[in-house]
Amino acid sequence: ADPKLAVIYDAGGKFDKSFNQSASEGAERFKKETKIGYMEVQVASDTQTEQVLRNLARKNVDLIAAIGFAQSQAVQNIAKEFPKTKFVLIDGVASGDNVSSVLFKEQEGSYLVGVAAAMATKTKKLGFIGGMDIPLIRAFVCGYAQGAKSVDPKIEITQNIVGSTSSSWNDPAKGAELARAQFERGVDVLFAAAGGSGMGSLQMAKEKGKLAIGVDSNQNALHPGTMLTSMVKRVDQAIYDSFMQVKNGTFKGGISNKGLKESGVDWALDKDNRSLITPEIEKRVNAAKQDILSGKVKVIDSREANKCPV
Amino acid sequence: MNNSDLPRWATALLLPLLNLLSALLVAALVIYLLGENPLESLSILINAAVLNPEGLGYTLFYASTFIFTGLSVSVAMQAGLFNIGSEGQMYLGGLGITLVVLALDASLPSWILIPLALVASAVFGAAWAYLPGYLQAKRGSHVVVTTIMFNFIAASLMNFIIVAYLIPAGQQNTASRIFADSSWLPKLNAVFPILGETPLNISFVLALLALVIYGIAVWRSAWGYQLRATGLNQHAAHYAGISITKTIVVAMLISGALAGLGAVNSLMGSTHYLNLNFPAGAGFIGIAIALMGRQHPIGILLSSILFGALIQGGFDLSLEKPNIPPETFIFIQGLIILFCGSMENLYAPALSACFKAKSTFTTRKSDV
Amino acid sequence: MFEDFHLASILVATIRNAPVLMFAALAGLFAERSGIVDLALEGKMLAAAFVSAAVAYATQNPWLGVLAGVGISVAVAMLQGFVSITQKGNQLVAGIALNIAISGLTFVLAQFFFAQGGRTPDLGQARLFDIVLPGSALVADIPFLGWFYTQFLGGHSALVYLAFALIPVVHWIIYHSSFGLRLRAVGENPHAADAAGVSVEATRFMAMLCAGVLCSFSGAYLSLVQSGFFLRDMSAGNGYLALTALVFGNWRPLHTALGCLMFGFFAALQVQIEGVTFPGVGKIPGSLIQMIPYVITVIVLAGLMAKSVAPKAIGLPFVKSR
Amino acid sequence: MHAAVEFQHISKRFGAVQANRDVSFAVAPGSIHGVIGENGAGKSTLMSILYGYYHADEGQLLIHGQAQKIRNSQQAIQLGIGMVHQHFMLVENMTVLDNVMLGSEGGFRLAPKRSLVEAKLREISQRYALDVDPLARIEDLSVGVQQRVEILKQIYRSANILILDEPTAVLTVQETASLFDVLRLFKAQGKTILLISHKLQEILDITDEVTVMRAGAVVGSLHTANTSKEELATLMVGRPIETHLPRAPYAPGATVLEVRDLQLRNQQQLSLLKDINFSIRAGEIVAIAGVSGNGQSELLEIISGMRLASAGSMHFLGKELPVAHRKDADGLPAEFRALGIAHVPEDRLRDGVIKNFSVMMNSFLGYQNQVKKRFGLLDFSSILKNCRALLTQFDVRPADPDLRIGLLSGGNQQKVVIAREIAAQPKLMLVGQPTRGVDIGTIETIHAQLLAMRDAGVAILLVSVELEEVRALADRILVISGGCITGELKAEEFDATRIGLLMGGLHKS
């Protein structure tokens, strides 16, 4: 029989234009190809996560995909309670043979877009807008800065965060305002990792004719002409893969840390930003990619180092 | 009051029921427009929130937190203060618990650790309410404004503390480490196995206890008398020798302490760690609960359970009916508050016309 | 460290930040001076933001969007009026209830119509764009004057000018018109106003009408000017902040507007403080910088301001009884 | 010729209370018609029905012979009816001018009309000798002047039928006299006046006819010329009124309160009280007479602990009371009360009661820490018992402890307050305007109780603007003017003219 599958989005919701959305795209692609459906749920609190995980496990769902680090603890608890159910956890780590924890080396992808940004800037001032001041976002900005400084150590990076409440991911007006302030201070390329708030930043870049870099999914198509590139994080692929593995009976637990090598992160180059990426930029970014793949360049993860070297 | 010529039971039961039905009617319309069957949806909701024992457990679990935040807002309201800061106070209360537990869970047994953590949550919550209370009493700075500000400040402060100090090294999750189980509150399913796997824990009992103490303290003690006198007429309170400053500060301290205790349920009873934004609006729901429950213990209890049921039932319903997004229940919550909390007289004229035909029974008692 | 602060850019940002609060606070001023606590600014703002964006998108005409926003916000205000004035219900409850209901409903509707997760599509050309003052090109390169004319005075959306123009207008209406006189009387002592032959209910409904109209611009500003689309809960607490400015300004138009500008200023300043290295302190973490505007508000409120005195009858339904 | 106003079978009930029952009487045009009755007799309710504030359950109103349905005050005003309410209907933080314009602004812009109205007000206040500054804020005006503002408003609107609900309750003799001059002028102009008052002498002095109400119903309409105080009083109360209450001979005991060099300055450093020196002994009633606004309210507040003085000292039974050397008066009244100082405040609605509390809950306001407790909680069964006893003893109507006190008529509220303070068995009793707005039957009760306290050896400080009351109660009279005590008289030296001069600050004894 077909496996029973489910996706649990975190508080950001299925349409967050970010990793939840990416997950849903992966599940959707699987459904299209295999005609096997899946359930989806959105939770509002950690207590609810545990509740819904247990409910699904009791209904003999074969694989539950839990999106977002906030679900880590709940997955760990329920995985222990239901050893027959399989789990895939995105962005977090939970122990158990039946859990596949998928982490991403956001710093590597950010490094690449940092290189691209540094090549594209004329003012030598780059911007970064994060949703909240949390380790995940710090890893983005840290990789971005390392990449930019590898091109030109004198490049300045102005960074702002949107806020410290959960509405920080839903405040496009503030995102736009931050972008505008950065442009006024001379920034001409910015990287927004702020969920819905980032949408405002990208929009502002378009309005001001500056360049912007999207995050998580490929956002180039949002504003062709001003979207320099996007740092894509292949949550969709991770979900698609694990669904496939369950279908084919090849699912294995454990922790995987997906970087460039594993195609977990990448930069986006497509028809929408083709005209903005000059051959030099493309060459330089691809070179950086090679260096990382070959191990010549090691991008530091601020989460492990507990601070950022640049 | 307009409905003074209605029998008491009609005012207390029939009117709220009619209002609740009206709210549900509007909600049913929306559900119908979303393409689902309202009756079927309602039965799923009720089943998930009340009839199914495990669901009921979750309903009461959510209600436990709401009772505390509802009480927090109510106490301040009795003194004429509109404390919008329960959210921030609860957040800080969570910090109090976490600091105590993280420091001591390896060394202390449950029977000391748990009370200590409870005290810490109250103390931290109260401390966060102290300054707004003091500024209101001494400087006349409007408590509505200062508590809103303190919510924002709490959010920033907690974000900083969690990220800088509490996340275990190398972890992604913006949360503290897991508390050792010496700090875990006993779950009620140990006594009532029928509840199944619900996080419902003894903080529900604590919440009920708090309701009783609140009721007695406010309506039966001299302190409560002074509190209410201050809230109703400060001139008369001053004439009566009540220290306005002290009453306001103490009311805010207690309000903050109750909000702080609101953190106990989820931190020590369910998740067992402190995470970013864990109050998730429970402090604000407390405002709605205090207003809807008329700051009366039974009112607070009933509206807390109603809100708990909506969250639990709504969540299950949106699982079963993908067409109904969970946000629909936020809308329904709003409708219920609107109809039950602020339109209590909607049907009073019609109803009293009905009753007038039957009897001339009248009451004209005060509301105290 | 001081070269890190760009005063010019802070000032311009202040002007841009303030209107959201200004419209809402002035809306609240009408409601509250008439004796109705307006906790539903947030809800009206959100409803207007959604409807403005949806209609602007559907018609590709931002002004129709603004108009529709006015319509919905007035409708909410009238509902609020019905509950608070006609039904004599608890005004605080009504306000909070409307906020909660609208927060849910806008998402559900946005999802229903656009299926983008409670978001409307990008408005593209249907946004309200900034106005370039005539002759901007000529003066653009003159030091100071160029900045002053093209960025400080010019280069804002029409709604920004409307916001600032409204301040003296509202002041005049409140203090120098018969409506303002009645409004203040009804909020201060409705029994006296009633005895003088003023209809308390009609005056309060008029006040709610004004509140509805003004508040809608706040929402339109959020979605049509600042973001270019609607996003769930995008009012992000601004309604409450506007209320704060109103209390802060002691329910007077000029002071209230000043309060809004202050919030706008500190928000702008805060953006610039991020990443600045302070002597002795170093870089302040972003999460702590977020609290600056709020800490300053508390300090100002506690230290400088006289007691704010609300209109006496605020929050009390007008009941003819002892 | 038609009656200006005719009430026909008017009935009105509030819940269980029948406020008006089948009221019928007519008011001749161009006359002054008195309406009297005990507290709660339904006078204000009847007038409010005429002014469109309440709607009668039954019956109808004829204005100049025409049946009228008056649904609200706008319609009443259109019919030429004006009303000066028992509690002033003024917006406190606005100017006199704005209050007068409110409701009849005449145009959206205030400015053009504002200057016209201002000129007109100056002219009116000249012509009627009302002496009101149109640009003054209401909250800065004394009650007497506020009363004049109300009159001014009606003159400005040229009301034809003027209702005055206890206009003289807060006025001094002089103020009352000048008000009556205005009313006579009105009458001469052909206006019709309905006047409610508890002061029978005034009714006899100025009205042409008088209607007496009891328990919501009319018990008689008489020509003033053919009646007497005694007849009216008996009609009103249903029994004859004793005007000369028995009292024991004056034999004061030890000094209870000693006030030395008390000073009070406000924030602008203006002197409100200067060099106040006096003492009160056990078993005597000392009255402070004076035109209101001359510092007697502040003095009472200081002695009760509600306010601090700037300098000076007070000794209570030899013990020094905190007066000036303290941060604020927050909580101080409790300390004073615990020593045995009881206080009937001047403004009962603001200070004396909590409107939303029941009568029972108000029956121990101020004594919340002294009342009986069980297990640390308020013992409501004993409180209720005491409350019932008080209600019976002071004849509070209705004697329902559960009723919200705001629903009682003013006189009955006052009885609750006085009962509460007397029940505390104080050594010193401070009494401010104890019979303001209270009917003669109740005045008799209150006076009798105060005298009984005096005879039992309690020291009583009475502040009253009512010279009649001062004469009836005081053993010694201190006259206050401009914050200074300008003279002292013994009871047997009572001389209204001399006191009047002292109140004007003309004599120094």
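All chains are identified by letter, namely A, B, C and D, in their written order; residue positions are counted from 1 within each chain.
To be clear about the criterion, a contact is a pair of C-beta atoms (placed from the backbone, for glycine too) under 8 Å apart; a residue touches a chain by one contact, two chains touch by 3 or more.
In UniProt terms, the chains line up like this: B, C = ABC transporter permease; D = ABC transporter ATP-binding protein.
Just so it is clear, the model here is predicted, and its values are computed rather than measured.
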Neighbouring chains common to chain C and chain D, by label: B
Most widely separated chain from chain B, with each centre as the mean of CA atoms: D
Pair of chains whose C-beta contact count is the highest in the structure: B-C
Centroid distance [mean C-alpha coordinates] between chain C and chain B, Å: 29
Chain A and chain B, separation of their C-alpha mean positions in angstrom: 36
Between chain D and chain B, distance of the C-alpha-averaged centres to the nearest whole Å: 45
Numbers and ranges of chain C residues touching at least 2 other chains: 118, 232, 237, 285, 287, 290-291
Two or more partner chains touched - positions in chain D: 355, 407
Residue numbers of chain B (touch at least two other chains): 152, 155-156, 159-160, 163
Touch relationships between chains, expressed as pairs: A-B, A-C, B-C, B-D, C-D
Chain B contact footprint on chain D (complex, rising order): 14-17, 304-306, 329-337, 343, 345, 350-358, 361, 365-366, 368-369, 371, 373, 376-378, 380, 402-405, 407
Residues of chain D defined as touching chain C within the complex: 51, 53-54, 72-74, 76-77, 83, 85, 88-94, 98-99, 101-111, 153, 355, 406-407
Residue numbers on chain C that touch chain A, as the complex places them: 6, 9, 12-13, 16-17, 20, 116-119, 122, 222, 226-229, 231-234, 236-237, 267-268, 271-272, 274-275, 285-287, 290-291
Chain C residues touching chain B - in the complex, by the definition given at the top: 83-84, 87-94, 96-105, 107-108, 111-112, 118, 232, 237, 240-241, 243-244, 247-248, 285, 287-288, 290-291, 294-295, 297-298, 301-302, 305-308
Contact footprint of chain C on chain A as seen in their complex: 13-17, 21, 130, 132-133, 158-161, 163-165, 167, 170-178, 180-181, 184-185, 196, 199-200, 203, 207, 222
